[in-house]
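What follows is a group of structures, each given as structure tokens.
What follows is chain A paired twice: with chain B in the first complex and chain C in the second.
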Partner chain A sequence: MIPNIVECHQVTKRYGQKIALDRLELAIPAGRITGILGPNGCGKSTLFRTLTGMVRPDEGRVEVLGKTPGWRTNQSIAYLPDRARWYPNHTARQALEWGNSFLPGFSMERAIQLADEMEIDLDMRVGGMSKGQEARIMLILCLARDVDLVVLDEPFTGIDVMSREAIVASLIDFLEESEQSILISTHDIQEVEGLFDYTVMLKEGRAIWSGNSEDLRAEYGSLRNVFRKLYAKEWND
Partner chain B sequence: MEEQQVGSLHFQIDFSQPLYEQILDQARSAIAKGEIALGEKMPSVRELAQELRINPNTVMRAYQELERDGLTEKRRGQGTFVTSSADNVASFRTALAAKYIDSFMEQMENLGLSWEDIEKYVRGKKDSGTGGDGL
Partner chain C sequence: MFSAVFRDLVRHEFRSKGNWKKQNRTRIPRGWWRAYFLCILVAMIGTATYFALRNDLQVNAIWSITLGFPYIVFFLGFGSVKNEWGNETYGWWLTIPESRMRLIAAKWLGSWLKVWAAILMLFVIASVYVMILSFTIPYYSFETAREFMATGIQWLSLIVTLSPLIIAAGILMGILQHTVIRPLAPILWVVFMAALGLTYSLTDIVIPESSFSPQQSLWVSYPLELPAIVAVDWILAFAVLRITAFLLEKKLDL
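Moving on, here comes the complex of A and B:
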């Protein structure tokens, strides 16, 4: 197994005048659950799109699973994007069947089990779902896959408390059973900071801190406090 | 910081301190005090991780350490149990007490106190009824 699941050297990505990633240096060890933390616009989603080959950096070198991101590496990555795209007339079951047909390593059996745990009615139409139900289906599409890397972009955002709890609970079960590496980005770490065993703090396209979450706690206190301090400026804007 | 009851164990997790040590210390002390009985089943790793909302790997590491302490044992296919050996718990408690006393003595000596002074303080503390829970 490769030591680092993600490596970035001097990675820069600009959108016009705006710098999304600014000479980013980053190494994320394999087999961990890593929290990519930072406020909106700090570069989290751009980083994830870079790892899945949807965005090519202007400068620098990116490696995921030891290779340059592309369709080959994507077969081994389950990616939950920050926005969903659905056929509104599909039922939950059809959405999962779509996953079963098109996503490498997908297990329909596992998906149905997850749907049961997360209280998703398989006959419900996707078009009529709440944001929280939609988020749960998206998560199932990722967690039902036997792949090396799971990438979840803001899985907790804008959803109800029940869905949030269901998602955290299934992530904990998932972590217990699997050896996969997981990256989760979030700008809201309340109630989830205990999940991350590795932490990356992004600010303005750079990693301002990365390391073992336990070391961060020993040195600075709770992730939530560190987060508040580091991003005080954005918080007050 | 809220207290959480998981089976016979209760935990108070402070997210501003390393989590592994808190779980280990609190489980050790529950076993040493007999809050969870000899031979009783420990909560599963999954159950504890779910209740405390923390990474199961962290719980697993603490459980491995409890096993090395001789305080728990794994039974194939059944989970983790508190040791049924009262001797194991007693010797762990003695070792831990010795460790606490060493660090207490070191701190007292750093204050320049003699053994007589220390004895006097400890007696005074005991007589005023604020020390310990009558052990």
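Moving on, here comes the complex of A and C:
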């Protein structure tokens, strides 16, 4: 039996009156490329912040890599935060050196290779880059790590179409070679439809569907159709 | 605590990482900023020299430009955390797989080193200026310069030795705003701002009024209370850093 890389049992997280995760039950198998899908505000980022130990659930139990999340488990997790930016005064090279200094499993050689493939000038200041170039650097910080779990929170948000295509192409190359478990959250399914082999659909802090992407497609058709049916209200809004 | 990673964290904190808000404003070329700085410096030196030539400059008054330092030091600590949120880099910072105490201690040490750097630079510039005065204007002697430096060492070393607690308080305030106990923030702002005012009362203990009087300053030795004050300051700084690390680990509200 394939072990689970993530397990959530009755996990609840509230922000004042708002419930971000509502008695979430979830098990994600290891070694898969998992899409965490759902509209804005469905709890994707809160789930990822919980997995990286940044926030603690009010109730319930979370396990990632078989342990309670915390700074120690982040040694084995490459995490791209939601709406993240990079330090404007750093050059791309300094950003990679940051990764080399602080991120276990980071390969500088691999990072420079990825930067070359993504056409990033290593001596360029981040402050002078487009959002797409900045996003590619942050993606490199995750993809150049040899760790058990890669977590990418909305990696395509706010990025122009050309950069999206470049990022998706890099991701596809990476996923072909990788044996890591990967979680990618997005509310924008068009570019990534074919990336996932396991899918979790979140709605209002609960997992309303999880399983093999093939089964999901067999049941509903394309992921676009899944969205249309499972999130009828949000889709029409 | 003092591993290679910690050293790199401190180095990272010590360097300027920039600020997206300032970045997004209409940019004034760096050369202009240098020109503004030079103009202010020249105006300050020019004014001081004008009064010196009239034998009206009480050199110890020069140190009064550092009177805002306790507040500057506080906001240096506060800004080191605020910038992570302002730059939207907090997700990267918080997921560095190091203990929260190390993350916080690196910010604290990075800020303290900045205080040291600023104070040493100021001390050297001010001392060199007064030395030049003492060699070129008969009213001022080498003794004037020596006593000026002695007073500077006393006042600036007071700032440096008390700044650990002030920086720690600034960092705590920066973190507190992102935790579940953020309703305490307004009260603590009042407490910290009022407490910073006490730093100036300490100067009465450590540097008597006569040091800033129009008469030539005299070397005043440190009072016996100072080691106790510094020890309490450092112990409290450590306690505040511990509390901040606890909040970061257990009480974040993102």
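Operating definition for what follows: the second predicted complex is superposed on the first by the 234 of 237 C-alpha atoms of A that agree within 3 Å, B and C clash if a C-alpha of one lies under 4 Å from a C-alpha of the other, contacts with A are read in each partner's own complex, and residues count from 1 in each chain.
FYI, contacts are C-beta pairs under 8 Å (C-beta built on N, C-alpha and C of every residue); 3 or more make two chains touch, one makes a residue touch a chain.
The model shown is predicted, which means the values in this text are computed figures rather than measured ones.
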Ask   = Looking at the combined model built on chain A, do chain B and chain C fit side by side or clash?
value = fit
Inquiry  = I'd like to know which partner A:Leu175 touches here: chain B for first, chain C for second, both or neither.
reply    = first
Request  = Mind working out whether A:Asn89 is in touch with chain B, chain C, both or neither, as first, second, both or neither?
outcome  = second
Query = If you count the residues of chain A that each partner touches, which comes out higher, chain B or chain C?
reply = C
Inquiry  = I'd like to know which partner A:Asn74 touches here: chain B for first, chain C for second, both or neither.
reply    = second
Ask   = Of the partners chain B and chain C, which touch A:Lys18 in the superposed model: first, second, both, neither?
value = neither
Ask   = Should A:Thr52 be classified as contacting the first partner (chain B), the second (chain C), both, or neither?
value = second
Query = Which partner does A:Gly221 contact after superposing on A: first (chain B), second (chain C), both, neither?
reply = first
Query = What angle, rounded to a multiple of 10°, is defined by the Cα centres of chain B, chain A and chain C, with the middle one as vertex?
reply = 160
Chain B and chain C, minimum CA distance [Å, superposed model] = 28
Query = Which positions of chain A sit in both the chain B and the chain C interface?
reply = none
Message = Looking at the complex, which residues from chain A come into contact with chain B?
response = 33, 168-169, 172-173, 175-176, 191-197, 214, 217-218, 221-225
Task = Quick one: which bits of chain C touch chain A in the complex? Just the residue numbers, please.
result = 5, 8-9, 12, 15-20, 23, 87-92, 94-100, 249-250, 252-254
Message = Per the contact definition, I'd like the list of chain A residues that touch chain C in the complex.
response = 15, 49, 52-56, 70-75, 77, 79, 81-90, 98, 101-104, 126-127, 141
Complex interface listing, chain B residues touching chain A = 13-20, 45-46, 49-50, 52-58
